[in-house]
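What follows is chain A paired twice: with chain B in the first complex and chain C in the second.
Coming up: the complex of A and B.
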């Protein structure tokens, strides 16, 4: 067991150049809150650590051309506190604020959460429902990948070996389209989600739901869209029959497993409970 | 000289919220834990552990490992010069398992591994990495044996044997009255089955020792060791040397909770063997994964309770059958189950009580001492049961308990009359009822159950009585050495160890109280087995009463000699003299104090010049106890403490999540020695108790633990701990030299039933198996467990799951 070599590039280009020259030899690391744990457990053995914390502006958050653009290096603490994120993607701000503990939120980054591709990654369901895209930058420039196409399985993404995740963007939709996030963990802090649900929708004056998007975390190999549930909710007014039908649909759409954290049947059931709460948050919020 | 009543009645320093003497060092990082220490020339020791939970070792080849880079020594069971077995009660645990012919004791063959945590070989190397690499070169041939994981199955005749002499570790019985007669009077009979989980101590600091060879064939060991004298006994026996050749000390300990006993003894023995074999200092540090795998846990219990209630609502008969999972080795099981059998029926009057508690060997991780020591399990059962009976009787659970709890002069199920101290449980319950507004809330929350609600409130109570110290388990005496320096500063050393619980502050405060000096004049030295007499283990919440009483005894001896000199200097009779706040003066019976110009420091200097002995060894022997093995009758403990907990919770009807919002604890622990320390004990004890009730289970499947670190074994975080209200009912007890008793474990033993009873108040559903996880609360069972506890066949999570959402 030899210690990995270490580089802390000062620019993004420098980082990309190192990676391009020896893609197998470098593993990006930002907060290290996933990678270091995996290394200790013997699940990762990088030959070199490419530390991204020295790149200026890598975590900047901007609004430009009607898009909110978040640098991959933005910490969860920054996301949770940022006014623009709170306005345009309240579900994302809330999810970021619930991750781990203060220490984890101060170190862990959006880019790391995405690249790590855990089905329970808390920032991902919110990004699904706001229609986010992920910017991958490699030697040939930047390509934007829809968030739904980014993770291909647990721990797997479409990121190429010479790519870095550099940013995430989604429409700055203001308070017009609202989003909400609910999650369930074993304890109040420092608990990986057993189930998480994000919902986004526009609520018309008469209560009709439009542009409904629902995403589920920790109930499938990747975060998934619940399209049948969206269909039930689209154009409907929340309550009674609609709520029941939506909960039934979401329970059908979830594909959970039983593990140490929760049973399959419980997870499925909770998708319904959390869906109700998330939609209720959106509907109640539209009234105030 | 004995401490007069004067000392007991008017303490000047006891009860004050003195900051702990080790606090600053711990927060600044100055405190040195064992792993912070290194010896010149030290090598690293590591352990090869078993590959099967139960197997015979048919071959063991260490030759290749011996030749590996950096390796200094590889040891197996054959290399043990003395007794290869250790064990506080039954010597059944091999320091290393070996091949046939490596030795063995009666009924405990050495050529077997009985749990995954067992050690098979030791490697010492120049670096830790070299040592660990060499482990991979050791070849062990195993012949797997059938595994038994359910203690109830282990007691059946057809069960595989974990030890050849049989799987029954111990059987305690209490035979008080005749339940057959008692049940005849029963108007209602309740039969309930309860189960409690195996849990991990979760001390922050994993196990660590450094052993150094010393002349004459002995060793010196420093480590994170709770019970230094037990460790010394084992190390001497394993090396085959007399006790005075083995010196055991502890560095600053990062928590223990009963957990750094046997596992540390084994580690110390292994390090000592390596130190003798290599002639060099040896350091061993468990990773967290090794710690979780190897260390013993709290016993899982299966408890069958049967209680009869007469027409007036009084308990008229109780019959209890309890089985504890001892895991692979006996460890403290005989004593843990002793406490269970004594306290199983709770603090309630009942004329006919028969209790059986058995502990059985299995191939699970072994179980031993953990804060509470056999009480959290039985308290959970009896407190849930009594709560249910109360509700059935149409009474709130607090009022019902106040009707049936022990009062002065009542007789316990072991036939012991509670006398000589205040039996204050009714007072304790009254206080907690007032503080929490229990009765009113309980009825309100119960009424609210009728209407649908997304979130439901509930309030629950639990109470206990607890025997102080070891009781009839064993010899109960302790030593503290007090030395006054010529400048009036004081050094206290004790046979009682501080593992983070605050013993050093409490024991030092007892000495300071009697000497009359401020606490900051006292330095407390870590325990050293070669410099203080064997004081027994620091367990059973006995530190403050035993170590503190011995400190008071030592201080009183020194003070008496000093007052003789003071009398001479001040021209006053000794009986008028008082020392307080470092000043010598005169005092009256009403507690008045008039200081003179003579300071304690000057007096100490003068005593020194006159050749007065300024040091004394204090000794405290507990009052007598007794036990009749066949009937389980006798004076089980020399005195008791009393406590109650109330929990207020909010249950999420949709998810089953329980939030504990508010928590009340009221304890009568005799005289409070240090209010801050006492409150700290309560906060910590409750937090641990909530983990027991709501979160924790160290799950083991076919002998293989499922969790190996704190990412999967979840204990409460600060965010899960409720607002706490702590009160003390102080009835100084003549059993303690300064009126003090015990607190550490009482704080931890009833939080779980208080919470579970609160959940019942909120939902109307009784949970009889903890932890009350989200799934347990919502649907009454856990889906994550593929098998039920032990080796029962998996029922599987995919089976029908009827859960309800909001309207549930």
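Coming up: the complex of A and C.
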């Protein structure tokens, strides 16, 4: 593969300066698990590779001011293993642990998964339901973008040509608000999701669901919230009629297409199945 | 690391304990450098898109697909390939276990399997069978049906723990 130029800046400022000077001339790369595949397949031909792996602390995870802040360079393996992520966003830890294979998870990063903007990106539905924001840093400083506004279509985001994705944050809500993630692929490893569902909710002592959020992956041009489904579940106790109504709602809200990975009808049906699994995980977890 | 004329980049990495300095193209992968420049052809070239695991090496202690790592990104890193497993002519316990359990058939996946297993045992010396299966989930084998490989990794772990 060819790439005419390469830079491995040692600071974020240096990386941003290079990008600002020649926005079209550099393609940011970190783990390379998406970009190198696209280069190999002739779908990407960067004029220069801006390697972000040399920036110390770019993948750090910390909790500050009631927020979990994850550096864009955090690998999927790091997310899956991190106690703070597992506590405050179990759906994200689970999704990160299901991506690709161990070797992919050791290289691929959260920032890369977001910037790549696949509708099937597994980290995104969990970030939707925990109310995450994405930090874009450019020459004029940092702006935080709600995750729901970040991807604008398949492979497209609101990241400007001189911006880098530098971090993701979400409230450190502890185990009070629980979240779960379910996905379906052709097999357990190295399979892009055909459908994925993330759910977050607080479960009251009597089983009533509060602050319910549901997000769906791979069934629309971007990850989407399933607000009608959330409305059915909000203030309700899971089971029987509620479960049936919620599954009906989520199947209505999904807007899947038929492609090489799955058919439209199958995807729609599976939204209901995965919703049941995810909510059951949350409700069962609240009893333990 | 300095940028050379003709867009070559000087890198220095440690491969199987030996420091190597070489000038590489920015688009060259670690796999290409290992096989083409260093003639370490034990690491296999399979799908080249991260789906088969034949090119798995251990980079700074972690299993990676060397087809998806740019050689320039390995500057300063430590790389372990299948050639680095045997010591003074004696096979590594994992290699011996693979042979004893019939975990090698055509052999193409074997180096990658060994390196994934090696990375696993470094982090988890007493893995469960499920942990072994998860560790090799990114390594395709079209001959063995995997069971012999899982048995071999568990046997090597047991041997290391009992000695």
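We take it that the second predicted complex is superposed on the first by the 285 of 288 C-alpha atoms of A that agree within 3 Å, B and C clash if a C-alpha of one lies under 4 Å from a C-alpha of the other, contacts with A are read in each partner's own complex, and residues count from 1 in each chain.
By definition in this document, a residue touches a chain if its C-beta (ideal position, glycine included) is under 8 Å from a C-beta of that chain, and two chains touch if they have at least 3 such contacts.
Note that the structure is predicted; figures quoted are calculated from it, not measured.
A.B. asks: Just chain B (first), just chain C (second), both, or neither: which does A:247 touch?
C.D. replies: In the superposition, A:247 touches chain B alone.
A.B. asks: In the overlay, answer first, second, both or neither for which of chain B and chain C A:218 touches.
C.D. replies: neither
A.B. asks: Figure out whether A:261 sits in contact with chain B (first) or chain C (second), or with both, or with neither.
C.D. replies: First partner only.
A.B. asks: According to the stated criteria, A:101 is in contact with first (chain B), second (chain C), both, or neither; which is it?
C.D. replies: After superposition on chain A, A:101 lies in contact with both partners, chain B and chain C.
A.B. asks: Based on the superposed arrangement, let me know which partner A:4 touches: chain B (first), chain C (second), both, or neither?
C.D. replies: In the superposed model, A:4 contacts chain C only, not chain B.
A.B. asks: Should A:190 be classified as contacting the first partner (chain B), the second (chain C), both, or neither?
C.D. replies: both
A.B. asks: Applying the touch criterion given at the start, work out whether A:33 contacts chain B, chain C, both or neither, answering first, second, both or neither.
C.D. replies: Once the two structures are laid over each other on A, A:33 reaches chain C alone.
A.B. asks: Would you please give the residues of chain A that touch chain B in one complex and also touch chain C in the other complex?
C.D. replies: In chain A, positions 1, 37, 101, 188-190 sit in both the chain B and chain C interfaces.
A.B. asks: Which residues of chain A touch chain C once you look at their complex with the stated criterion?
C.D. replies: Touch residues, chain A against chain C: 1-6, 8, 29, 31-33, 36-37, 39-41, 48-49, 51, 53, 77, 100-104, 106-107, 188-190.
A.B. asks: Chain A touches which residues of chain C in the complex?
C.D. replies: Within the complex, chain C contacts chain A at residues 1, 3, 7, 9, 25-29, 48-51, 53, 56, 59, 62-65, 67-70, 72-73, 75, 116, 119-120, 134-135, 137-139.
A.B. asks: Show me the residue ranges of chain B that touch chain A in the complex, using the header's touch definition.
C.D. replies: That would be residues 129, 654-655, 657, 659, 695, 699, 706-707, 711-712, 714, 716-720, 773-775, 778-779, 782-784, 786, 796-801, 803, 805-806 of chain B.
A.B. asks: Chain B touches which residues of chain A in the complex?
C.D. replies: 1, 37, 101, 184, 186-192, 194, 247, 258-266, 269-270, 272-274, 276-277
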